[in-house]
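Down below are the structures I want you to see.
Each of the next two complexes has chain A plus one other chain: chain B in the first, chain C in the second.
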Partner chain A sequence: MPLEALDLSTEAGADQEFLYTLNFGPQHPATHTTLRLILTLDGETIVKAVPDIGYLHSGFEKLGEDLDFNQYVTIVDRMNYISPVANEIAWHHTVEKLLGIEITPRCKYIRTILAELARISDHLLCVGAAALDLGGLTAFLYAFNEREKIYNIIEQASGQRFHPSFTRVGGLMNDVTDDWVKLIRVFTNSFPKVHADVVRLLNRNKIFIDRTKGIGTLTKEEAINMSCTGPIARSAGVVRDLRKDEPYLAYGELAGSFKVACSKGGDCLARYLVRMEEMVQSVNIIKAAVENLPSGPVNLHTEDKLNIPDKAATYRSIEGLIQHFELFMWNRRFETPVNEVYGAHETANGELGFYLVSDGSAKAWRARTRPPSFIHFAIFPHLIEGHQISDIPAVLGSLNIIAAELDR
Partner chain B sequence: MPLTESDVTWVQEPKLGLLGQLYLPAIADGLMTTVGHMFKKKVTELYPEQEPKLPPNYRGVHRLNRDSEGRTKCVACYMCATACPAHCIDIVAAPAPEGWKDREKYPETFVIDELRCIYCGMCEEACPVDAIELTTLYDLTGLSREQMIFDKEKLLSVFDVTTKAGTDPVRTRSGELGPASEPPPAK
Partner chain C sequence: MPANYFVPLQQKFGDAVRVEEFRDNLRVIVTAEKIYAVLTTLKDQFGFNMLADLAGIDYLGYPDATDRFAVVYVLMNANTAERIFVKTYVNDPDPELPTVTNLWRGADWMEREVFDMFGITFPGHPDLRRILMPTEFTSFPLRKDYPLRGSGERHNFEKLTRAEG
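Moving on to the complex of A and B:
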């Protein structure tokens, strides 16, 4: 059935002379990335909003069919570039689910720590940018200074700050050092002070509360019906968190160290408060994970024939050399079952899932992404209708929509 | 495993009393926070004057390693070019010159497009003879696209520079020679 082209010019009630159409974005400071909204306005009140997506479409999913499971990690990095490590971990979780392998305990813990650092990094940016759009620059600067420390931690582990490409099938690129653990301890000690600073600047700020309270309200039923996940659903009273509901990585073992932050407000203020509380809980997880970090290998054994062997094994042993060549020759690589799997992680914005269809080769036949931003941008018209133009930055900031992930 | 009430912490909205309804106390509180930060340690880095402290496993510009005789270690096996997700490595293999007893092939040309490269480190992961590595050089600039396309000589010169400066990469444990670089067993 041919799809009907969406006519963006004619709006409901366009025959009414007092309504007019305003083009918001794709280049608008409040959208941060390339989002476009076509607004029908009655004075300053928004009667209708139509989001227009696709300005940052980069063909990531198609590249997933061209690159093998290890190479594609460099692309998923670039989807949600605010918390790239979380994407990598979710992608390789799906691949490992397809291959039916269980990673080592140490790898699980390191990945848990990295995923929580990514969550803090994402929430810090979201909270800071939301405040920035509403006129509070200072909280943004303090939050960004703390994100810098997270970048240093990731740089220390992987060798690159922004796009670490750190995970591999069945393990990590390399093991972490004791210095890395020290850096994390420093971070978990210094983070509560920064959190308190942001709380002092925003939580009791009458201007910030006036701009966010009662704006973009979402009820529990609507959140479920519109398949919201993550902090957006939890702030509307939906008690759901994949980390507790379907424990993956080390979350099952660390379940006692954290609680799920929920709120009943459903508005922009509730989303801000839930994110702030989630950061506190994330630090608790990191503290518990660092104290319980198991020793042992970070990658699977060479005999499992899934990991790139250590360089010493490649140079010195024939098994290592064979395994090394098996994984890099274009006509060998991974042997996968013909199967379809869906793997989802609770990332900072919500449920990030990968739907992976394998035809038995080393590349995915289809690597569909379920990005939280896509779902959350779809509810945006519902949240904004009836509010004023000046509420758009508040709602967009609270949803934390990343266009690279939205358009893929 | 469904969530129980004990797993959940319900976030409460901050209650603004009569004092909170006024703007002035919040302004004073905010100013105290920012003034407090003025006396803390400065976080700004003065970049060109102060070199950033990078970890030794930083992934920067590539280098082609030399063996003990000063020749390139590369055996033109194309593994790095195959592993590269950005397809930025271009190798032309040729029979090794007379007198190179330890290998049959060598790279006649070895070109890396540093503009295409995403510095993921998969080339050095794929290399079976410890020939290509990522160094800690990060301040890579050029005035034209041609300058950023590194050929074999330039990549070997990066090796000379980093060895002289003592900033050898640590990730692949450089210095340990691969089997292809060792002399063949005497018959």
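Moving on to the complex of A and C:
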């Protein structure tokens, strides 16, 4: 039978849209974490993206209503598990704000150093993994090798690598040693070389730039209207950084040592560049904080009856023993004001806030978390629509979505 | 500090707004009827162009509480970095508040989460579905009358057989 050329324009299906649906995730190597996207595709172009989240929901906020302020820190740790120390510091900052505690200068500086180390760790993972998804394995290896040193520093201070649970209400689990300070000096000396290596690997890499420049563009107005914070807002030209705007910890005293990294690009490349610059600024903060590290106690005095006394005080002094007893018996614990307070920190991903409602007992009535990943993943459909399916790893990598924090 | 916003707010809305202060948080407490008007005023006239957070709270059993639920809007002025906390109360049997997604697009998922966890509905929301819990879930887990421990909701879920699944 001879072939006949069909006139497609007269066929019944000619005006039909050839859209199809693709399930991306929940288990997919490019998402890194457990999240699912329901994509409507026209060829390889994304017409519509609907994120479906909740796969890792484990009721952290409900647990926060059952555990006391010191116990909940272990749960807070597991929200953004890339930079757990930053979550702990933000949580206890809010609790201390509620209780009206002013922590000691040494504690402020150590917490500042830890928060900045957490920021570097988070940015290294984000930059490394984003490069990995776009085909640059080497940068990923350099970044992870450096993250290992940060884990060593955290292990040296707290005894745990991943989830240190290092902070306590009114102080820290224990004071740091001179060896810890030495480790930090070694890190701040070696880090600029690794940073320069990553810059040389990626900043002028044609493949990396082609796949990130102009992808997932966010304007300043959109960034503000869609509640973006942190590097994502700053890369779109919003010059907000809580470390400068509402100086907490030692950032007020160290304000001269760092600048806020901003960009006007708003695309994936701008987000990458802002993160790279923030790491340089973080190292400057750490250097300044280590050189100015005050001596003195790291915890409040036992007589203030607010912090858990250390082991030596618990076993060798009657005041310490009583205080320990007071804080750990179910019918004692903290006396809190019947009120509510919001405290927020600038963590690596953006504004991590806690809205803490207290009914006067030692447990939170409501421990609302403002998770930056949740708010940033909400803008994902807006960023990706109109782009190709291969741009998904680039955009996801630049948003740095941590599913444990997203779903809590 | 944001204190100078209260005078014009109180002139405009009268008894519907009230002021509280704790630590560095300045809270405006608004009745549910006026919440949308107050938020619009704060956004358009006072430049609070960013909704930093939207949190639901259940006050069942809270000391001296008269209302069941509260919703807190944490507003931020992205130009001056000022914050203001706007709080409103809603009650059973039909807790609902007007959506603010047309003021701030960022409110989309936050309102969905409050609906998912507390069952407060937001009429006018473009896509008010459950977000963290599965669609077949029937309760609102962050309500105070929802138990912390127990076998949970699994018995309510449909069983999939091998043939169907």
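Observations, loosely collected:
Note that in this section the second predicted complex is superposed on the first by the 391 of 408 C-alpha atoms of A that agree within 3 Å, B and C clash if a C-alpha of one lies under 4 Å from a C-alpha of the other, contacts with A are read in each partner's own complex, and residues count from 1 in each chain.
Keep in mind that, in the parts below, a residue touches a chain if its C-beta (ideal position, glycine included) is under 8 Å from a C-beta of that chain, and two chains touch if they have at least 3 such contacts.
It should be emphasised that the depicted structure is a prediction, and the values quoted were computed from it without experimental measurement.
Once the two complexes are overlaid on the shared chain, A:T314 sits against chain B while remaining clear of chain C.
By the document's definition of touching, of the two partners only chain B reaches A:R200; chain C does not.
When the two complexes are overlaid, the chain among chain B and chain C that reaches more residues of chain A is B.
Of the two partner chains, chain B is the only one touched by A:Q156; chain C is not. By the touch criterion defined above, A:H324 reaches chain B but does not reach chain C.
After overlaying the two complexes on the shared chain, residue contacts for A:K305 are found with neither chain B nor chain C.
By the touch criterion defined above, A:R240 lies against chain B and chain C together after alignment on the C-alpha atoms of chain A. In the superposed pair of complexes, A:I75 makes contact with chain B only, with no contact to chain C. In the superposed pair of complexes, A:I224 makes contact with chain C only, with no contact to chain B.
Shared-chain residue A:A378: touches chain C; no touch with chain B. Overlap of the chain B and chain C interfaces on chain A comprises residues 240, 245-246. By the touch rule above, chain B contacts chain A in their complex via residues 1-3, 7-14, 16, 20-23, 26, 29-30, 33-34, 37, 43, 54-55, 57-59, 79, 82-83, 85-86, 118-122, 125-126, 128, 130, 134, 171-173, 176-179. Here chain A touches chain B in the complex through residues 67, 70-72, 74-75, 138, 142, 145, 148, 155-156, 158-160, 163, 165, 173-174, 197, 200-201, 203-207, 209, 213, 235, 239-241, 244-247, 255, 259-265, 269-270, 273-274, 276-277, 281, 308, 311-312, 314-315, 321, 324-325, 328-330, going by the rule given at the top. Of all residues in chain A, only 53-54, 57, 59, 61-63, 65-66, 97-98, 100, 222, 224-229, 238, 240, 245-246, 337-342, 344, 351, 353, 355, 357, 359-360, 365-366, 368, 370, 374-375, 377-379, 407-408 touch chain C in the complex they form. Within the complex formed with chain A, the chain C residues making contact are 22-25, 49-53, 55-58, 62-64, 72, 74, 78, 81, 83, 85, 104-110, 113, 117, 130-134, 141-142, 146, 148.
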